[in-house]
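Structure incoming, see below.
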Amino acid sequence: MKLTKTLPLATLVAIAPSLVVAQEAAVATDVTPYILTTLLFLIGGFLVFWMAAGFAMLEAGLVRSKNVTMQLTKNVALFSIAAIMYWLVGFNLMYPGDGWIIPGIVGTLFAPTSLEAVGLSASDAALDYASVGSDFFFQLMFCATTASIVSGTLAERIKLWPFLIFVAILTGIIYPIEASWQWGGGFLSEMGFSDFAGSTLVHAAGGFAALAGAFILGPRIGKYKDGRTIPMPGSNLALATLGTFILWLGWFGFNGGSQLAMGTVGDVTDVSRIFANTNMAAAAGALVALIATQVLYKKPDLTMVLNGALAGLVSITAGPLDPSLFGALWIGAVGGLIVVFTVPMLDRMKIDDVVGAIPVHLIAGFWGTLAVPFYTEDTSFLTQIIGFAAIGAFVFVVSTVIWVILKVTMGIRVSEEDEINGLDMAELGMEAYPEFHKG
Amino acid sequence: MKLTKTLPLATLVAIAPSLVVAQEAAVATDVTPYILTTLLFLIGGFLVFWMAAGFAMLEAGLVRSKNVTMQLTKNVALFSIAAIMYWLVGFNLMYPGDGWIIPGIVGTLFAPTSLEAVGLSASDAALDYASVGSDFFFQLMFCATTASIVSGTLAERIKLWPFLIFVAILTGIIYPIEASWQWGGGFLSEMGFSDFAGSTLVHAAGGFAALAGAFILGPRIGKYKDGRTIPMPGSNLALATLGTFILWLGWFGFNGGSQLAMGTVGDVTDVSRIFANTNMAAAAGALVALIATQVLYKKPDLTMVLNGALAGLVSITAGPLDPSLFGALWIGAVGGLIVVFTVPMLDRMKIDDVVGAIPVHLIAGFWGTLAVPFYTEDTSFLTQIIGFAAIGAFVFVVSTVIWVILKVTMGIRVSEEDEINGLDMAELGMEAYPEFHKG
Amino acid sequence: MKLTKTLPLATLVAIAPSLVVAQEAAVATDVTPYILTTLLFLIGGFLVFWMAAGFAMLEAGLVRSKNVTMQLTKNVALFSIAAIMYWLVGFNLMYPGDGWIIPGIVGTLFAPTSLEAVGLSASDAALDYASVGSDFFFQLMFCATTASIVSGTLAERIKLWPFLIFVAILTGIIYPIEASWQWGGGFLSEMGFSDFAGSTLVHAAGGFAALAGAFILGPRIGKYKDGRTIPMPGSNLALATLGTFILWLGWFGFNGGSQLAMGTVGDVTDVSRIFANTNMAAAAGALVALIATQVLYKKPDLTMVLNGALAGLVSITAGPLDPSLFGALWIGAVGGLIVVFTVPMLDRMKIDDVVGAIPVHLIAGFWGTLAVPFYTEDTSFLTQIIGFAAIGAFVFVVSTVIWVILKVTMGIRVSEEDEINGLDMAELGMEAYPEFHKG
Amino acid sequence: MPEYPLKGNIVKLIIAAIKPFKLEEVREALTSIGVRGMMVTEVKGFGSQSGHTEIYRGAEYAVNFVPKVKLEIVVSAAMADQVVETIQTTAKTDKIGDGKIFVLDVNQAVRVRTGELNDDAL
Amino acid sequence: MPEYPLKGNIVKLIIAAIKPFKLEEVREALTSIGVRGMMVTEVKGFGSQSGHTEIYRGAEYAVNFVPKVKLEIVVSAAMADQVVETIQTTAKTDKIGDGKIFVLDVNQAVRVRTGELNDDAL
Amino acid sequence: MPEYPLKGNIVKLIIAAIKPFKLEEVREALTSIGVRGMMVTEVKGFGSQSGHTEIYRGAEYAVNFVPKVKLEIVVSAAMADQVVETIQTTAKTDKIGDGKIFVLDVNQAVRVRTGELNDDAL
């Protein structure tokens, strides 16, 4: 599957699975599959775009009101930066076709994306795939997702501009390189690593970048006091719930679009499977988190339920096609359990992850990647672990280096007084809810 | 229309209308209609999924702030439960094909849904319809909608777990059985009952389950005092309005997808009619409610306008295809009037429906079902009434029994003090807006 | 492109570009392009519908809490009125086919829209285009957008009913007439004016109607005091950000759907280009506004960043297809700069535009229209300016007349005390956030 | 307090912290004994009732403040005792956290609209 | 009050409930006569103005509380009368609900930053 | 104040305006010296600290009010000085805007739950 992602840039057309199937069915006109797959990317793309709003609402709801304007600003800005960096550098670095600088490891550098001419004629199109424009649009959204994950973990204490500089590097270079190893046809795909829609490439990668940041940045003032964790409840759980529903919706595009083809009976039916499995995993994750918090704490914890749904989604993302609905259920359920247990664990390790992005994206992402061989042939647990480790190590190390450089050069953390008064007044001079009394 | 819903499970292929039309037009390739109809289900499905978020926001906005976290929790949980129960029991109980236990009345019990194999070949596909995966995904969302309706009516006083147990039974058994009578090819469809997208099967059914609950549960403390109704204004009308817009959007998938085919000129043009009519009915319902509240109360009531838009949507749902745009307008308008008059009526009857779900879904649902013969041939008012009565009686009686059992066994209502202090602190220990001062 | 919009009403079929291209590619079946283009309108239509929610949230977030219920009410009501007026008068006034009353200037009056028969057969369909139902649904949403723009500018002081009367005239008559000049095949399209998706026809037109209203209505009490501008910060920036993300998402349908065809490789690839360019322009607009406010005011201004993203979108709307990604970037970036500089400029002119709709829609709309010739052949700066001036003058003058008539007949502004106490309690007797203490 | 001309009788300020759900009841009881006005404020109350613990995302924490409603009522000295008693009996639930009542002297009360003084101002 | 050393002159606490939209005007008027600080709180006011009815979803209900703003101002006893008068004249609209002003004795005032006492603390 | 039977000792009302982020610290300090209760309210503070400017959509404006937290604490007269001192030393940051403390007499304190009076009520 992933390999075909390189086709629009490569020239080969022959062995494209989708077309083959199509011809077997002895039906497809030449262009209909191309149109339908392009449409899949456009629909999938706007659904994944919507996830940017989901992250913004989720994070705005989980920070304290004195930091809401800043969190919103970061989310709008990071998406915008991702959109530009991925065009400027990322896309061709991630899908170098045959243009690898270091074969299988580093693709084409600094080749801004250009799209097909207006009114492309069928003869010039990659009829076995889709338009470059739709592919770029769809892939770009994945790149932005990686950055959204980071902003949640580091909320309420990081300075705006150093954060945005990191985002530019993450979306322009770090993500495209590690993703090229698999989806660009790099060494991991050669190795037989399997990550259908990006439990590792997108979610764990974002999680590792966030984890590196959390280490360098340190916890919020007052978060850990004489060995105890002081909760800092989110200011607006309605917003956090809305954000989760938005992400859930967007995920149908995220996983479904990753089928990368919709022009045949087999492909569209696979996309259907993916939609159904994705929904099942989210539901199972949410429900398990609900039950687990009831059992453990005697009271259900909505924020854990929301994290549980997202963890279910992340868990199924590495292999949303092959599992049965029951498979999706238990894989998602384990994801839900993971957050319930790892959220407090991180706190005990004094890693302050404001929205729970590391349990949801990194740890559940690992689980999802590891679980692939249960249902997908020609995959091995070992290869899955190696792939995860390779990407994790790369992203974590490079991110750490950049965070450290940013820290020593310009500083990444606001002053103590600014942090206590809130980033909104201190850095932006603007409250999100100026009229509502704060407690 | 509805009958074709059983086809993917049945084996017959011959007389499928869509295909016939297609062949007349002497154009359709074998697989394109299948792909397009599957796509219709996927798009329709994610739009109806989005309605779950709409209900969550609408209800969170219309309850008092001390119950918002609970309302959000219920909405996420009920959707998750519906997703699992419909897979485990519901889908095959609703679409038994030839596997009826009691012919036309009770379908196949306990046959969890399984989807087609990965990479289905055209020869194995129900080419005249769509993929099972997409059909399951689409139908599941209708099932969840039924449950969402209940949570609104019973808000602010019902315990979490008994409510969720009821939801499991409603989505696993009650809804699938009554819906099978019509969409599964059961006795109502034999009888000539007509309910295109579910004014009765989904909305009134949810309304009846809610009504039964409201009777057993009783009104909120202080709602009715020495013969007067004490308003308990919703805490966040922006959220309620957002929820209404979300539902409005999702309804295009709800009604449009119920065309169940998009592979021919006739089908896609019908889907367009449905979109246009659905929008018109919602607009008329909202506008009439605006004017009616201005006239009756001298001041427009936004919450009634929102209910009016939803009532317009419910009203057109039983027959969104056949009416002209003008037909959609007046059918929706009557729906809008219905809420304005029945919301206070329910209060006079001391039936405490927190969000107005009974007027919107049950009463407007009755109106919509009744109105079908105005524009749809081969339908009769009598049959429409019989069908509505059959489903209403079944859902109301069974729901009542279950509510009573839950009440005597585990109790369904929180303590007086918990209700006064709010379910959020009492049952969840978590406020939705912890920093905003409450009044 | 726009011309083909008249085809479903006209009878000619021959020289339809899309079909031609299709046949060149010697592939398209007769009906598939029709189905796909209809699908484009349905998807585009629901995405643009979603923009109505976006405007509602953006405006509700940018007004003070005492006016939120009113702003929400206006947004729901204006969309409903637009839906009815566009059906009753607008659509056929805008697309008269050969039924012009004054050739090229005023189309068919008072011909309510009627859709194709149910189950249309291929032989009766405009196979080179799409279903009337889908076209009407899509076009209707553009009409509603024009009205949404007005409500933001005039917020917090205008009376409900006069505003809604204006909306009825704007959506039923003013917009359809000016839009017919270009998209209906009127004199501007003859002249060679180019406005792909409506930077002028929709956005600037809405902006001119708003500007006329702002002049007649005057600024809010206390907004301008002894030569200084007194800020009145929005009550909920999370809502404003959500609204912006919604608009951003909807814009893919707004611009992408305006390709008006998806049945060929060329068309679907063009739609992809449009999606990618639209996203790029929004990102550039947001980022430039972020940087500009940082530089000018030392602190980034989220409300300007949101306006910047929207200005980027408006700027690319006149020509989202032809520019390269880099072209979209700089065109959008200039749009972002425009808001940062023109928002305070309007204040200096004592034009009180509550949400910045005039800078975003009128001024950036002018820029977008002007920029078309940079990338689109056979267009001239002069013609662009003439077209913009013609539409601007028409909308501004007619709107002014109507505003004045409304002012003298029924009055358009609430009393001073009502304005100070807020429209919510004064005109609606209902607060949006009754429990949250206001400051 | 010689420095104030005593037009009208002396008045007292009564400050009470009560449980929020008792507000309506207390207001009605006070109206029925002739209290014509008051100011109501939500406050965060700290007292013996405080200190129960909740769990948020797996971390236990003590809830130090419980929501209370503060009433400020100015009444003629003559009525003060009755007002205190009415509040006490009405707000009472016999559960910890019922609240407190404090009585303070007021030098002077003025009605903004009319300039009336002391208990004429109420 | 023997128990307090009277560094600085005696001060008074002035509590006023006014209509919210008058806040800015009153603050300016007070600043212009030399008041250097105050505390402002939103309160729900109950009084003769209260009791108009609204309709919500078809049900009539009485609005018992109207939003008011409470000012708490400590000033030297010498200024008290002028402050009361300024508030009264500025906050006045001659419409019911204009509000009340109350004056109380203060034993002692302290500035946290410096420990200064009484009117030096203001 | 003859009109009140002095069961229990005289009590005082201490009103303090402090910086919000000092609340927790002050509450702990007060608890440690034996204060068993208080009422906390967010207020908008006006004072010498006020008046810095912000920019919103390109327009400069002066921020006249800064968020403060108001504490109302009733303690036995005997403890009053210690409480004042504790608040002052704990809330102090030596930056402008630290706040004020005011001490008032209380005629009577009542515990709603029990009817206990004065310092028995606390």
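A, B, C, D, E and F are the chain letters, set down in written order, and residue numbers restart from 1 in every chain.
Criterion: a residue touches a chain if its C-beta (ideal position, glycine included) is under 8 Å from a C-beta of that chain, and two chains touch if they have at least 3 such contacts.
The structure displayed is predicted, hence computed values, not measured ones.
Path length between chain A and chain F in the touching-chain graph (shortest route): 1. Note on A-D: across the candidates C-E, A-F or B-E, the interface recurring with over half of the contact pairs conserved by residue number is B-E.
Interface comparison, A-C versus E-F: the higher count of C-beta contacts falls to A-C.
Taking each chain's centre as the average of its CA atoms, chain B and chain D sit 48 Å apart.
Mean C-alpha position of chain C lies 54 Å from that of chain F. Multi-chain contact residues of chain D (touching two or more other chains) are listed as 41-42, 44, 54-56, 104-105.
Each of residues 29, 32, 39, 43, 233, 236, 242, 299, 301, 303, 429-430, 433, 436-439 in chain A touches at least two other chains. Taken as a contact graph, the chains fit none of the simple arrangements: neither line, ring, star nor complete graph.
Contact between chains, per the stated criterion, is found for A-B, A-C, A-D, A-F, B-C, B-D, B-E, C-E, C-F, D-E, D-F, E-F.
Here chain D touches chain A in the complex through residues 44, 54-61, going by the rule given at the top.
Put simply, chain B touches chain C in their complex at residues 21, 24-25, 27-29, 32, 36, 39, 43, 47, 64-65, 233-238, 241-242, 244-246, 248-249, 252, 256, 262-266, 268-273, 275-276, 279-280, 282-284, 286-287, 290, 299-303, 305-306, 309, 321-322, 324-326, 329, 433, 436-439. Within the complex formed with chain D, the chain A residues making contact are 228-231, 233, 296-297, 299, 301, 303-304, 340, 343-344, 347, 356, 439. Chain D meets chain F in the complex at residues 12, 15-18, 41-48, 64-65, 68, 70, 77, 84, 87-88, 91-105. Within the complex formed with chain C, the chain A residues making contact are 29-32, 34-35, 38-39, 41-43, 45-46, 49-50, 52-53, 56-57, 60-61, 68-69, 72-73, 75-77, 79-81, 83-84, 87, 112-116, 118-123, 125, 127, 130-134, 136-137, 140, 160, 236, 239, 242, 427-437.
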